[in-house]
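Before I ask anything, let me first share the structure, which is written out below as structure tokens.
Chain nomenclature is as follows: A, B, C and D, assigned in order of appearance, with residue numbering initiated at 1 for each chain independently.
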């Protein structure tokens, strides 16, 4: 188990992500959350691609996002990501967006996921089928719970 | 006050909305919810464009989405939209997605909004500043509460 | 061979398609072209889904788009679509965007496609493998050439 | 005039940029081109944001994209960007996408732009109104012509 906590996903909004209100369109945050968890899994040596190549798909069961401050083109942000809960069959991430060099919370959000066999399209219990991936989620959950 | 309830927003997924899992990417539902409320406001004779032209902006405070069934390219869906709550300063929509000709719930979701003056960027109370728009929300809230 | 020409794809821009210039972001037109050709193929009784279900994939070889007038949220547009060329292995569509009730050209564009076997990922000649689909493209090409 | 040539925009495709063909949807390349030119302008100390803050808007006049190889989730790519022509009122960028560590051309593309006054919405000649920005484009044009 590594002691290193993932230091957050850095992002600058793209021009095409703005809308005519002059801010980032709210739907894009859901996409940023996905970018953040993809980078987290890379960091944990358990990439999305490897997971999919291992025959596991990770559908999204639900998402939520709370917009507290507007984010604009030209801003630089950091997305922190924690595991809020992990039951072996269900995984919930929590996201917090900050200015890259500040601690004002701009946005919070969550996403919940399950694990399906790509072959059977049925739920799998990672602990049984993929204990190594299971352990990675267990460890990161333990780490982020302590924060 | 009209007796007619909005009959729902019909949509077919676009090819570019699918992802490599072969389903509509979850972020697009947040965009569909926006499409549905834009069409609802048109239906209620109170279009987004007219609202913006009247100097009101309607930021999104939060969204949520619960994915119960997968939606694929080639499917036809209907998005029902209700007002879950309306306080005069805050408006919450509820969305339910069905197959166009069925009653299986594929997705549920919500979005909450406030009203800002485009000029001052400050919160406005529609009842005071725009009573006609206020009444439209009150009426639709009353209608959809009864359903 | 039907005498009916496809009358064009009607579309209103979505709010999330605007950018902070207050116009529809230029990348979305490429997506609209796809929507138009998907609807055209439906109209020609040869839907994208049926084509994919028949084991054919239709990659995009190139696209181009020329922006002549700005399109904004609240506008209503019509996309006309013609087959510029069809060789049996390569298909080029031409797109023209107009205001829904006008004849000012707002945008022009093209997209070229080939046909691959989903199984072998190799080029196929529709005339040989799928003569019925081949004939549909031949006919629409002949029709739109005359316009 | 700096001797340093911009070394290219590095990018990994996002999951939400894939489609059900299992590749990056073709429309996203147009967005990547924008990301690349935004980063190039940052590199040239003449950011999009500063340009917009100076009252200049840079509409897109046309785009083109030629897809030569498929790009998938998990790939790492580099987008080289050159100025193909610059007339003082019109600027054309050329883009070439490579694997991050290879020289196989995956994609080529172009985008042309003019310069408008945000205030008057009329064309401006940068040489006259903003000679410093004009010089930056002249210099980068000269550099990339020599490559």
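Methods note: contacts are C-beta pairs under 8 Å (C-beta built on N, C-alpha and C of every residue); 3 or more make two chains touch, one makes a residue touch a chain.
Here the structure is a predicted model, which is why all the values come from computation and not from measurement.
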Same or different residue numbers at the chain A/chain D copy interface, by half rule: same
Chain B and chain D, separation of their C-alpha mean positions in angstrom: 36
Separation of chain B from chain C, taking each centre as the mean of its C-alpha atoms, in whole Å: 29
Multi-partner residues of chain A (at least 2 other chains): 15-16, 21, 27, 31, 34, 73
Chain contact graph, described as a line, ring, star, complete graph or other shape: complete
Chain A residues within the chain C interface of the complex: 15-16, 18-23, 25, 27, 73
Footprint of chain A on chain B - complex, ascending: 21, 23, 26-28, 30-31, 34, 57, 59-67, 70
Complex contacts: residues of chain A adjacent to chain D: 14-16, 31, 34-35, 38, 47-49, 73-74
